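Here's the structure, in structure tokens; my notes come after.
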Amino acid sequence: MAKTRKHNYKKKAGQAPGTAIYTGEKTSEKLFIEAFDYNETEFREKELSHISEAFDFKSSNSKTWINLNGLNHVKDIEKIGQHYGLHPLVLEDIVNISQRPKIDEYDDYLFIVLKMLYYDKDEKIISEQVSFILGKNYVLSFQESEGDVFDTVRDRIRQAKGRVRSMDSDYLLYILIDAVVDYYFNIIEILGDKIEDFETEIFNGQARDDVSQNIQNLKREILRVRRAIFPLREVINRIEKCDNGLISKNTLNYYRDIYDHLIQVTENIDIYREMIWSLMDMYMTTISNKMNEVMKVLTIMASIFIPLTFIAGIYGMNFDNIPELHYQYSYYILWVVMILLFIGMLFYFKRKKWL
Amino acid sequence: MAKTRKHNYKKKAGQAPGTAIYTGEKTSEKLFIEAFDYNETEFREKELSHISEAFDFKSSNSKTWINLNGLNHVKDIEKIGQHYGLHPLVLEDIVNISQRPKIDEYDDYLFIVLKMLYYDKDEKIISEQVSFILGKNYVLSFQESEGDVFDTVRDRIRQAKGRVRSMDSDYLLYILIDAVVDYYFNIIEILGDKIEDFETEIFNGQARDDVSQNIQNLKREILRVRRAIFPLREVINRIEKCDNGLISKNTLNYYRDIYDHLIQVTENIDIYREMIWSLMDMYMTTISNKMNEVMKVLTIMASIFIPLTFIAGIYGMNFDNIPELHYQYSYYILWVVMILLFIGMLFYFKRKKWL
Amino acid sequence: MAKTRKHNYKKKAGQAPGTAIYTGEKTSEKLFIEAFDYNETEFREKELSHISEAFDFKSSNSKTWINLNGLNHVKDIEKIGQHYGLHPLVLEDIVNISQRPKIDEYDDYLFIVLKMLYYDKDEKIISEQVSFILGKNYVLSFQESEGDVFDTVRDRIRQAKGRVRSMDSDYLLYILIDAVVDYYFNIIEILGDKIEDFETEIFNGQARDDVSQNIQNLKREILRVRRAIFPLREVINRIEKCDNGLISKNTLNYYRDIYDHLIQVTENIDIYREMIWSLMDMYMTTISNKMNEVMKVLTIMASIFIPLTFIAGIYGMNFDNIPELHYQYSYYILWVVMILLFIGMLFYFKRKKWL
Amino acid sequence: MAKTRKHNYKKKAGQAPGTAIYTGEKTSEKLFIEAFDYNETEFREKELSHISEAFDFKSSNSKTWINLNGLNHVKDIEKIGQHYGLHPLVLEDIVNISQRPKIDEYDDYLFIVLKMLYYDKDEKIISEQVSFILGKNYVLSFQESEGDVFDTVRDRIRQAKGRVRSMDSDYLLYILIDAVVDYYFNIIEILGDKIEDFETEIFNGQARDDVSQNIQNLKREILRVRRAIFPLREVINRIEKCDNGLISKNTLNYYRDIYDHLIQVTENIDIYREMIWSLMDMYMTTISNKMNEVMKVLTIMASIFIPLTFIAGIYGMNFDNIPELHYQYSYYILWVVMILLFIGMLFYFKRKKWL
Amino acid sequence: MAKTRKHNYKKKAGQAPGTAIYTGEKTSEKLFIEAFDYNETEFREKELSHISEAFDFKSSNSKTWINLNGLNHVKDIEKIGQHYGLHPLVLEDIVNISQRPKIDEYDDYLFIVLKMLYYDKDEKIISEQVSFILGKNYVLSFQESEGDVFDTVRDRIRQAKGRVRSMDSDYLLYILIDAVVDYYFNIIEILGDKIEDFETEIFNGQARDDVSQNIQNLKREILRVRRAIFPLREVINRIEKCDNGLISKNTLNYYRDIYDHLIQVTENIDIYREMIWSLMDMYMTTISNKMNEVMKVLTIMASIFIPLTFIAGIYGMNFDNIPELHYQYSYYILWVVMILLFIGMLFYFKRKKWL
């Protein structure tokens, strides 16, 4: 991770501001553009082979969603930017994938950046940046690579499910963001499962030695998710307060709904954070308990046999005059004494609850 | 828990917004609807066999409380929603039981979600979502399943106890919420008892090995309670600031009273949180103290007998020429030396306060 | 404590709001009412045998302070409430002793609840709820039982000390609250002494095994005091902002003075909290240090004598052919070797700073 | 410390508000009053033998600084108070040395209390309360005892260095406060040195057993300094917002400069706080590391010699029939075996990195 | 470090405010002044041999950037200050290198102080103070010594890259600050690498004994960086709110961009802080785990051999009557018993998962 990050920053440092430079790693991604053009009654879907085809849609009266995959194709993105009159800083931010979720309000469009989070097959969190431009009857979306969480949105447009075809572009933006936020619930759910697994593992004493590093990794994962999601609350909040007429009063309730979901997600994340901090405590306690047990065994063994060995040592001495050595039953008496000692010790440790 | 949660989220993901889908587990719950219709002089109570019977009450001049149990009956809830003109998002939130306590202000009604908390027989916290719709002279309430904390409210309506019959529907909502909040005190009280039990247990050294997990569980329980109760403060606060005429100035004092209660409850919860964090510390100290004690016994035993055994070993050697072996009283002298050593050691450890 | 609390809450749960119910334990307390009626020149003090005698004072032109002890006499308090036109919620709060310090502003009176804190002879903190009603030229005060911190106030009224006789009832309220706050300084002072005692005890190694529970108890005591005092700051703050004419601009400076005192008290409490958290750390360090010392003694004893005993064991073997056994001076040589070993070990441990 | 504090509080408790009572310990301090009277061209400095001499200066057109040492002379201070028309609460606060830094705005003067901090020869922090009255063309300052940080100010007035002679009394107040704040830098610097000393000590393993108490003491010292300095930021902030014409717009920049210095100081203090918390962690780690080392030595010694001693014990047995005893070279063979065992053990511990 | 700091503060203490005194260590730095004068079409670059040459540029219509290295040349800086009409406090702050990042708004110029951070070859963070004066069509910058992060800015001016030549001086200030902030990303990246190195080291058990001090050092480094960067956010925020006409609405978007970058940087720093706190936990766990392992070896060795040695001791006793000694096969039987004991022990420890 560190290597990658270094790479990215280096690429950008020293560039004039407003210079669009792709800072990600997927430099050989194919450009893929799809356009959805619809109104209440009609609907057109098209995969675009060239960027210039996208320009026709702007003029149309219907609502348009243009989705572009492949941020490495900076030139094409700049062309779209010119066509839609986007500020150079916006273009720079679209292709700079280390953005923090944010919203920039311009006179005739809104620029929104957020993070799409999903788990890949190895249960590793993938974080991908998605940028949205919301304009009068159009939404542009920019993704790093193919594969996203928008299939339900596409279906709804195609099949005129729900309200999407009859509502404005601000509603389209809403269901796009809503689709992203829905996936956050998956993330927190899997995080929750991981924490519970650790708990079970630690409590059952099956914790492997690398558990503390795994906890540390989980901690970092939670921090990353937190960082991707928390600023989005503020973004949604500011969407609700936009006054350039792009967000109609009608859809505000929907954005408020997203906001509520985000509060729920972030609250869960904070609970996980707290729980993972105390997991470490629990693990430390387990270690201490184990050491305690080891100590007890050692103490019991040593405390019982050390005095007995001493006694045996006494009668192994070679003094000429040790009267006990010559009594007929002293060996048996000694055994009795030692067994009594042994039993006494056991009782003592029993009373101390060490056994 | 994790499994359930996953299940719920999955059910909802990918649905168009405003689609009401029950996200709980009690899918075979029977529908139960009861209606209270009253004014200062008259009073009618009825269990409804069909949802449509509920519609008559709206038109009546009197105040009405319709209470519905069984959120799995989404269709019936949607019918009520249509009748009372509720927003689709409201219906979605009513049946989605993973809501956070919140308030949504609409033009002619208030929508309030909160969590009813009570302990079942096994002292496990049960959290059930209750939604309220406060309209001009009616209150609707929606619960997941039968059994609630509203019996005192029912009695007061039936027997015209207190002011409820002479006041408006905003007062009815108040005593409903008040009944929920009253139960929170039970919760914090039982939480307090549990913490004290842990303290006693830990301090008396009776702590079982699973105490750290039990503490972790209690921590999580407190976090859950906290999450259910904290947002309600904000909700009550916003009720007081509503300006759509549904809350009369007269009842504001009562809502302020609930607010004070909530502050008390949440303060207690925060104190419990702090106390439970230091419980873990206390437990760690207990473990360390125990290990210390074990170490001392070991050290004392070993330190006393190891030198004595060494001496015995010396005179067990088979050298031809060990003059001491042949003196008549050397065996007795040796015993004296060893006993003196033994006593000296005891004194040393006494002085070190290890005995 | 838990038992008491449970009792109290139970008593109240399920009651209609605005029902005055005493929630404390002192149910057999005698009713005691005293009245002070004064102006700049005249002064009357009277112990009232019946509640109705109190009603004459209201009409008089002079300033009146009526002090009532015995919150279990709910009926009498309700009579006063009717006479002075108090809201039912106010009466409920007066006799519900688990209130948080708060202020409620009504049209013609202020209702203030706070906690009187003092140590009893066993240095246990006693917390008693005191409620004040400030009206136009009268102050009512309600206490749970006899014994309070207001003797200096009584003396000042009787002897016309200071300004009290020439000022309005808002000044009387001020000196009453000031008397309560003065006692808070005693509390924090004794808390400070306790913390220092713990510190000394822990540092001198005299800490008994129950020190961690005592620290826990002290922590809880500080939390309780904090909870009793912190909200009062807000109360005083809101007194300063009251605009119903009951607080004259003249006395505002005095309330600001109380506010400054409260800031001082609460700052001290927060410092104590921080110090007590690190006390636990200190104690843990002490335990670790002790265990370290124990370990060292064990290690030194074992490390010195185990090799020596091994050597003795060697020459206790019964092999036919051990040439060393038959040399004349080998026994003495062995002693020299062992003593050298012994000294060498001591040097080694000395160098390691274990001795 | 505790004893002193108790004493102070006791003295004040139960007194009528507005009663000036000296709460410090230096009850036999001599009264010392000096007056500086100056304008741009003239300058007069005088030590006053009696308080009444101070009264002449007020009427003069020039700027006046009257500095009084000896807060135990309450009577004299009250006389000044009457002459300059100070509120009784102000006089009470001047002589009550347990004030928190604060500002009180009156109609024709500002009252400012702050803490002068400096180290005495034993590197103990001395905290002394200084009160300032800023009026139209005069500044009064009150100190507990002789010795202060204002010598540079005196010099600047005497020698007309800088702007002081040409500016108004608000500038004089500024340089007085500035002189106090300059000394705060000394304090944080010495605190920083102490922390570094602890770090070095702990890291080099030279930490004495009382290090945890010393750290605790340092923690407390930092808390005290923090408490003395933090509120001053708010005071300066409120000076800037005063609107009674005593602070000219011209000097505002200077007060802002003090504010910046205070931010710097308080930031440093917070960093020190954080560093000292982790010092304790470091110390705990050191202890654990040491115990680890002790354990290793013990384990190595015991693990090596216990099996060897067992072997020696075997051949010290007196069975009639132990064939090995009678082979000629078995003693030598045994030595070889034991040396091999010894070396094998060493290798094992080497591989485990315990050696 | 401490020594240096002390030195600096001492130098300044007791000076009249507004006295410019260099507080750094580089007292023998050569004075270096360069000037860039440009408009959209023309461009002049000049190294100035004397401060007075700088004065010509002010009058010119073009935009001017004068960059001065060598804060020890206080006299020259004062001359520039007089020429540009800077307030004495500004001059004092420019040469006092212990400033916190801040902005001071004057009538016809802005004064901004910030910290330039970069790593030297030894990966030690170098922090150098840079002050900017932004006036109508000029920017002055002051640095402590040669070597800075502005080379890309110089290139852009020389080669008319980007917009710099066509925009106003507020844009020039922007790209200067942007260059500084770009380097912050390097810092956090290297900090991130260091943390990861520690993690790897600790997890692989290669942590040297000084790791806790290294972590402490890193903690302190992060605190220093934090302190240098955090206040800058507030500075940029206040730049955006300046209303003296020096910042055109046009460049506000650019400053907002810097703000976003700073948020990103500071978020990373806070994540690092949290991670480094848990590193210490991880290290403690590693130590505990190691000690546990050592304990186990000791316990196993002792527990196995102590009873065996006891048995050998028994039969080394010299009693006349020990029948076992005389049976022919008792020696062999004993070996079998002991081997069985040995194996039994191994099984026991295996079951306890200690092996």
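The letters A, B, C, D and E name the chains in turn, as written, and every chain counts its residues from 1.
Here is the rule we go by: contacts are C-beta pairs under 8 Å (C-beta built on N, C-alpha and C of every residue); 3 or more make two chains touch, one makes a residue touch a chain.
None of these values were measured; they are calculated from a predicted model.
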{"item": "Those chains which touch subunit D and also touch subunit B", "value": "C"}
{"item": "Rotation angle (°) superposing Cα atoms of subunit A on subunit E, nearest 5", "value": "70"}
{"item": "Distance from subunit D to subunit A - Cα centre to Cα centre, in angstrom", "value": "43"}
{"item": "Intercentroid distance (Cα basis), subunit B paired with subunit A, Å", "value": "26"}
{"item": "Subunit E: positions in contact with at least two other chains", "value": "284, 288, 291, 295, 298, 302, 306, 309, 313, 316-318, 322"}
{"item": "Chain contact graph, described as a line, ring, star, complete graph or other shape", "value": "ring"}
{"item": "Touch list for subunit E against partner subunit D, complex", "value": "1-2, 5-6, 9, 12-19, 87, 89, 98-100, 102, 104, 205, 209-210, 212-213, 216, 219-220, 223, 227, 280, 283-284, 287-288, 290-291, 294-295, 297-298, 301-302, 305-306, 308-309, 312-313, 315-318, 322, 324-326, 328-331, 334"}
{"item": "For the subunit E and subunit A complex, residues of the former touching the latter", "value": "152, 156, 161-164, 174-175, 178-179, 182-183, 185-186, 189, 192-193, 196, 199, 203, 253-254, 256-257, 260, 263-264, 267, 271, 274-275, 278-279, 281-282, 284-286, 288-289, 291-292, 295-296, 298-299, 302-303, 306-307, 309-310, 313-314, 316-322, 353-354"}
